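The same chain A turns up in both complexes below, where it pairs with chain B and then with chain C.
Now for the complex of A and B:
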């Protein structure tokens, strides 16, 4: 990035001189970009945001805002808007007074404040709510006020810490659209923290996937979805099946041949698999698996035989869970129109996928362990 | 509960309440007596003792002293108590409980001990027999009440509000003045009311530290009981009771108002 707005340069942070939250973090945020920090709780994403806001101080490293090191600059002098999960509206002030607060502490003239508060409330579609108190508003309305308050002083950078975490699903979708619109219309740079991968996919220009205080992968949503760099990212962004297998070797096109339990040999794109590795972990998206009500032997060497465990009709799609030879259960997503009444529990089926939709990771015990830990969190 | 049990319960409650307010039932009507002696029931009703109270230079001076000392002590106690409570709340001190205990110790310390100690401490530095000596002593007695009430109010305060203020560009002083203080004000006020009430009826320290110039209402009543048994004392007592009641009602109303304004804290 030639001229980033924000740059983290080898930032480290630990709490109580013991627990290391962030060992060594470097990344950049481009001007006008919508970057989401995504990760399970305790992965360091919120700490990162709080350091950028100025509420936490890093132990080492530099944080640059427009090329200037802001370590040591107190939060109130950073000119960064912040939206909190708890809304953090001032309960003793009206909606208009809340939105006016950043302007009035900056000593703006009264007429200008009134005008900008009016347009900020219009921007979040809360005209006419000026004299209400925060406790007279719904959660969604409160968060709109918080958005207006964070944007009214026209900061270049706005930070949002799980702003939709306390809202129900429908309201969340509505406010996601609103936030996307505001980002587009105002051209403001947003750094957004969430643990909800769907939200991250819906909103972001780029996503940084956090785990254990490190960025595992950073990139546009589709890149992370299609080309995860490790099993953690594969499992965290969208749904993924994991199947263990034995690496046999690479062909001339670079595909890795993997023998699965039961004998079928599948091809996959290897990621970070060292040449001598034996055990690998295949990662395949549920919507990329083809399923046929047939015996695998009749279909060819690259079909897997499986037994249906259960079939769920979910309106727009059907999910079939099927057990492989090694008791590993995979999920298959099929369009609703392909619903097949014969896919009852116990039915014999064949599964297959094309090589480009399967990724082989080294079946490193520690990575698998971490993955499970992350899943539990 | 049986009917008899319930009846017993009511009788017991009524008896307890009567026991608590009995002094008022005697003092207040007697202060309106037209007679000259402590006789009950009063022979007739009049305002003569209130008139005497108002016209006596001694009582007027005592009332003035009470107000000056009480107001100044309350101001100091509120300032110190609020700062101490906020400091304890904000700072992650390891021995917070111990510090809190130390600050609250004047509440449980027998007043006579405090009085003796203060007399010895204040005499050499010229604070005995001065308004300032009494003001400082009463501030020390009142500050713990402010600490307790402010600390209780702060426990329901959402810390994210301070971060939000800071993210809005408010420095620590602006954030305190415009966000923290308005929200904890009910705690500060009810603490101040308690501190003032403490000063209002404090007698022991005034006996030890106060000279003739520092006679407060309770001190004047004490002296009056010893010298002349005048019903002016009862009028003064009624005034004190009325003042305390008004203060407590005001504090309750404020607390109710703030509870309506800010059931803050995150959901």
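Now for the complex of A and C:
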């Protein structure tokens, strides 16, 4: 990335002289980019954000903002807006005073403050709320005030720490749209932390998937969805079925032939599968699996035979859970219009998918990965 | 229906406590308040005199019938044993009147020669003064403002005008001012010491927190008298502090510490500090840490964070702490009485003094009313400026 706004350079952080939260982290954030740090709780994404904001200091490494190392620069001199999950509005100040806060601590003239507060409140559609107190607002309104407050002093970078985590689903969708709009209109760079993968997919230019203090994969949402680099990412972003199988070998196009329990052989794109590995894990999205109410053997070698466990009608789609020969249960998502009343529990069905929608990972990621790395070294 | 029933049930459950409070708290206070505006000793001993004086204007000496009634009352009261209490009560209104009353009664008991008027005037010329009779009328009226006026160093002369008592007999105004001043100093010291301590409780690590909280609460677990006595041991002329100072060579002779204002302030601050720290801590604990982080991210340095975000949010705690400490401080009795000098005694001391030493319950009650009204005024003032809702939140 040429001229990134933010660069983490081999940053490490541990707490209490023991627990390593982040062993070694490097990534970049481009100007105007919306980058989401996505991961389960305890994966180090919030710590990363706090180090960027200046609330935590890394043990090692550099954090560069516009090419300048900001380690040691206190939070209040970094000029980075932060939006908190708890809103962190000042309860003793009115909405307008809250929004005016960053301007008044900077000693801006009164007329300018009034003007910018007015336009910031208009920007988040809270005109006329100036004199309310935060506790007189709904959660969604409070977070809008927090957004206005973090944006009113025109920082180049805004950090958001699970800003929608405390809101219900409908409000969350509404504010997601709002945040997207603000990002688009203001051209501000956003680093966003969430554990909600749907939110990450909806908002981000790029997503960095965190686990155990490391970025497992970083890239545009669709790349992560279609080409996860390991089973963790495959399982964390969107839904994925995991089916165990035995690697038979690769053909000339690079597809790996995998024999599943019950004897069917399916092709898959191998990722990090070392040559000679026996056990692999197939990863297939529920919406990529075709399902037919038929005996598999009538449909040819590429079909898997399965038994319906349950069928759920969910309005816009139908979920069928079916058991394979080795008791492994896979989920299939079908459009609602294709709902078939015959798919009752116990019904015999055939499943199939095309090779490009199946990914084969080494079955034991950690050991295989280590062997693989050792081989390469 | 169900709600009414629930309310009745709640009322029944509360009834024993309410009864207890009514009997042990509300009723005694009501009795004391009543005593502050009434008199019993003089009406009991001088019923006839007071009946005659009811129509008296107070400008000239009362007529012969008043002297006759007085002569009867003096003799009867002396015989009934109610005279001493009444004489004491009159004496606190007009110093010297006790002797006049008792001596006259003694003379009259030996037999009245001629008119009662001549006999009484012969017994003591003080009966020829209008103000002597004024004292009787003041002491006899119910409700009376005599005690309340006395508590403010005022008195009503025989013709009913309110005047200040002579300079050398003024006391309570100075005592009231001193009470407020000591209360103010103690509150200020508690705030200055307690605010950083409460903040430390919020910010220190868990282990240190337990230790600090223990230290704050420790005074609660020992009796007030024991703590005061401990300060006496520490601050006495031959006490621990002086011995240490002498041993260290800081002073060449023992410093007078006990029976000084400083000693009173030290001991009172020590006793009242938890009442400042705990409400402050309760409020400070509720300020989310994210608030300070938010302030920092918005460009506020440490000072701005403190002044613009932290301090304003702790104000309800400051209000609650100041109120609790101040109200308790102006009611302090034991500590100033034991380790203060004569010039360090506050209103409660004089309430106790008049209730137990001089038996002037009326004045003691009037001083109590003064203290109560003062306390309520402060409460109202706080309610107005800080908002009682905020105090309740604290």
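Assume the second predicted complex is superposed on the first by the 364 of 377 C-alpha atoms of A that agree within 3 Å, B and C clash if a C-alpha of one lies under 4 Å from a C-alpha of the other, contacts with A are read in each partner's own complex, and residues count from 1 in each chain.
Note that in this section a contact is a pair of C-beta atoms (placed from the backbone, for glycine too) under 8 Å apart; a residue touches a chain by one contact, two chains touch by 3 or more.
These numbers come from a predicted model, not from an experiment.
S.K.: Given the alignment on chain A, is it a clash or a fit between chain B and chain C?
M.R.: clash
S.K.: Going by the contact rule set out at the top, does A:166 touch chain B (first), chain C (second), both, or neither?
M.R.: The answer is first: A:166 touches chain B but not chain C.
S.K.: Identify the partner contact of A:84: answer first if only chain B is touched, second if only chain C is, both if each is, neither if none is.
M.R.: In the superposition, A:84 contacts both chain B and chain C.
S.K.: Applying the touch criterion given at the start, work out whether A:135 contacts chain B, chain C, both or neither, answering first, second, both or neither.
M.R.: first
S.K.: With both structures aligned on chain A, tell me which stretch of chain C collides with chain B: 5-13, 23-31 or 77-85.
M.R.: The one stretch of chain C in steric conflict with chain B is 23-31.
S.K.: Do chain B and chain C land on any of the same chain A residues, and which?
M.R.: Touching chain B in the first complex and chain C in the second, residues 53-55, 74-77, 79-82, 84, 86, 88-92, 101-102, 105-106, 149-150, 153 of chain A appear in both lists.
S.K.: Which bits of chain A are touching chain C when the two form their complex?
M.R.: Residue positions touching the partner: 53-55, 74-82, 84, 86, 88-92, 101-102, 105-106, 146, 149-150, 153, 159.
S.K.: Mind pulling up the chain A residues that touch chain B in the complex?
M.R.: 53-55, 74-77, 79-82, 84-92, 101-102, 105-106, 133, 135, 139, 149-150, 153, 166
S.K.: Quick check on the complex: what are the chain B residues that touch chain A?
M.R.: 158, 160-161, 163-172, 174-175, 178-179, 182-183, 261-264, 266-267
S.K.: For chain C, which residues count as touching chain A in their complex?
M.R.: These residues of chain C touch chain A: 288, 290-291, 293-301, 304-305, 308-309, 312-313, 315.
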